[in-house]
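For reference, the structures are reproduced in the following blocks.
Shared between the two complexes below is chain A, which has chain B as its partner in the first and chain C in the second.
Right, the complex of A and B next:
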């Protein structure tokens, strides 16, 4: 009996991480679908986590207020930072977001108000069903988003920014919107993390976390909303399955990433694959050849 | 009078590298005038720390400048050198070779391992992808692959040697007195070595045939190819140089601090990225100045605001520079698509 309970505890812990990672991955995916690589994901997740933690422990607010508030705060900061940050592109954008994430972590580590290096205890606790519902909601919302006119504009910008602008897409507005939505999702994942683990510490939200979540998204594929779903399933469950290999699992994990980039650099799920699976009207052969 | 003219004037003044140098010198001068000998000592310590950052920043800027590739394996190459050197000399002998200079042989072998690892990275992130996908840089493919290699190398080291930090004994530990300041001999030696290595690299880039080829590729790979540069054979040279720079930096860091750990590259790598951006991505001189400046900024911010402030100061500075002046202090080459 005790063993069964331990197993289910392990299982629900893994599922909780999976839900949080999934929402986090969608937070990075939405700007990535519009061609923006965000390597500061941990910073936005930290904002959400600490906002929820502070509202819960210092203001004593219930979860029904802290989680939406955390999402709003992360979204607002994402909105504000997107104007200067999105002036940059390519390697500079990667570095700017990376610097932002590191700066947030540095600020939290130093801030007395947020507990510094000791971290913060989060009194209000939420269980797995809430996490699962949130994950489903975010997934559905992202699928819907990509089906709207905005989603089409994001895809157009990703494929060719200049052409999209010529066709009348307001590139700047679309990019800012995508970045803001992404920041809000990342903030939501942070708030859920804080309430589920009942504890936050700045050291958790390090650059390695940003790197991991970006890998989820890029390996899953940025062309369709299926990408992050497969990416986070693959990345959260693969290390658990590879637990048999002990410390070797991260080596295998890294090798899998390198191989993936050689074999299928557009990610696991590509637009062509989705078209083929659901038997949509055929897309031109040239596009298929590029894996688009 | 319109507002545009003075703004344009300010901009042309700011665009000169000499202005940047002047600003740095004036800032240091004011600091020394106000703070006295304590500040001078801090700056000296900062320059020595900065010389390590400088080599790493040059390694980063070389791969970005020539190949448009942000190579995240550079910090792990740095770490590999230190850890391999420690692993080889753990029981007092280096592969059967014992003696007073065994530690140097161990570090040399560590650097060799870093160079070989860098070539492995080249094989899987760049050469193969270039053949299959044309412009490999376009979809951040090498960047993601290099993150994969970061995981592989770091965890292989963790498996082989554990996660603890280890002592690496260096036999010379005496101090030298320069202008009334007490400086550690290893620190001073590594500062001089770092400057020598970067000077060598600069000479290679400037004078040799390979150096010219590298600079041509940095300008335009297509034109380089048309002019008879064998691009495919020059690319591995970039990775050899990267491995050498990161490896030597790792060796000097090991000598400097006498400890190694599987995570020693993370902090130094981050600071080196900051230094590279500060100096201007793609510019060797920018990386040199940026590395030294970040080193000085680190020791000074520890001196004035305490140890925890470093991260915020360095990254806040970096974010500001990327947004306000993405070219950095000395930025010249344009970084963008169409490279390789």
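Right, the complex of A and C next:
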């Protein structure tokens, strides 16, 4: 009886992490789908977590206000930061976002207002159903976004920015939009984390977390919205499954990541794979040619 | 028909460091004509395309597209003003399907919040237009296939169709026939003639002189960033400066290179 309760606690704990990781991964995926690598993910998650924590503990607001507010604040900061950050390209963009994440973590660690190294207790608590619902909403929203013309423009920029500009795409506006949406999603994941764990500390939002979530996205694949889903599942569940391996599990896990990158350098889920799986019946190209 | 020429290039200058890649280039492309731009390798043909389409800013001179100044507009607004182009190397989006690449070409005409924010699959009209355009150009492939797996000649044609989707006044093609076989080249020429009958103006960089003779009434010749000939395509090989340029006589081309015609 007690064992069953413990199992279900372990299971719901793992599922809660999965939901938070999934939303966080979509926060990194959306700009990545438009060709921008964000290695400052933990910083945006921290903004959402601390915004929710402060509004909950200091202002006593309920989650119905703290979570949307945290998302808005993270999105607004993402919007403002995107202008200087998106002036950089490639590896410099990665470094600029990384520096931003470190700056946020450093600020929170030294800020008296946000509890410094002690962190903050978050009074309002949420359970797994809210997390699951949020994860589903963010997943659906991302699939929707990629199905629009804006999503098409994002994918075009990811493939060839210069050619997209020649097609009349406003590259800068699309990238700012993607970066802002990504920051809002990362902020949402932070707010959910804060309310589920009931406690936030700056040390949690470190560079290793930024690296992990970026790996979720890159290993899952940035070409379709399925990528983060598989990436998050892979990264959240595999370490748990590898627990049997004891101390060796991180070695096995690392080897699995390297193997993945060798076998599928464009991620687990590519567009070609989705096309093969959901192929529509043969297309009327030949029919059209005859039926003039 | 427009009274203004489709494109007027006046005194265009561009230097890359110490190298002058566009040296006081001036010419006009009358609306509805098909004009070729030829010249030896490194003459500055692709650079001129990049200057007109806005990839690089000008160091001097002006550009008029159907009577409107465009030299200080960003690339996307030049597209909206009626300019479309292709690249020397195929620049289709490798991870987009054929029909998505074509629909990307509609980007400037499908403006408005609804067109941007509703799923593309709900906007049947745009997809039908894209599929119809593929069909009209004689491209017989699965519209949902990724372009990276298609033969070179087909991808080359898709790129031309994509450039046409923004309904341009002026279409600039950078070596559209390069790498095509004789049959594909003839098909491309027929297709381009048919689209230019609808009032479209063409400016084409090309090395295949048979293709140029077949398609273009008039020709511009560029050498070392200077325009050394503009006139009928039929007379181009009789021109002294042009012959010198192609035979590689650097001295003649560099000292006497004033626009003829």
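In this section, the second predicted complex is superposed on the first by the 279 of 292 C-alpha atoms of A that agree within 3 Å, B and C clash if a C-alpha of one lies under 4 Å from a C-alpha of the other, contacts with A are read in each partner's own complex, and residues count from 1 in each chain.
We take it that a residue touches a chain if its C-beta (ideal position, glycine included) is under 8 Å from a C-beta of that chain, and two chains touch if they have at least 3 such contacts.
These numbers come from a predicted model, not from an experiment.
A.B. asks: Could you tell me if A:94 is touching chain B, chain C, both of them or neither one (first, second, both, neither)?
C.D. replies: In the superposition, A:94 touches chain B alone.
A.B. asks: I'd like to know which partner A:109 touches here: chain B for first, chain C for second, both or neither.
C.D. replies: In the superposition, A:109 contacts chain B only.
A.B. asks: Which partner does A:158 contact after superposing on A: first (chain B), second (chain C), both, neither?
C.D. replies: second
A.B. asks: Please indicate which partner A:211 is in contact with in the superposed arrangement: first for chain B, second for chain C, both, or neither.
C.D. replies: So A:211 only meets chain B here.
A.B. asks: Would you check which partner chain A:195 touches, where first means chain B only, second means chain C only, and both and neither mean what they say?
C.D. replies: Neither: A:195 stays clear of chain B and chain C.
A.B. asks: Determine where on chain A the residues touched by chain B overlap those touched by chain C, and list them.
C.D. replies: none
A.B. asks: For chain A, which residues are in contact with chain C within the complex?
C.D. replies: Result: residues 144, 147-150, 152-153, 155-156, 158-160, 162-171, 223, 270-272, 275, 279-280, 282-283, 285-286, 288-289 of chain A touch chain C.
A.B. asks: For the complex, give me every residue of chain A touching chain B.
C.D. replies: By the definition above, chain A touches chain B via 37, 84-85, 87-88, 90-92, 94-96, 98-100, 102-103, 105-107, 109-110, 116-117, 207, 211, 214-215, 218-219, 247-248, 250-251, 253-258, 261-262, 265-266.
A.B. asks: What residues of chain C sit close enough to touch chain A in their complex?
C.D. replies: Listed in rising order, the residues of chain C that touch chain A are 53, 55, 75-76, 79-80, 84-85, 87, 91-97, 100, 103-105, 107-108, 110, 115-121, 131, 135, 140-146, 162, 166.
A.B. asks: Which residues of chain B touch chain A once you look at their complex with the stated criterion?
C.D. replies: 64, 68, 70, 72, 124-125, 128-129, 132-133, 139-141, 143-145, 147-152, 154-156, 158-159, 266, 270, 273-274, 277, 281, 308-312, 315-316, 318-319, 322-323, 326, 335-337
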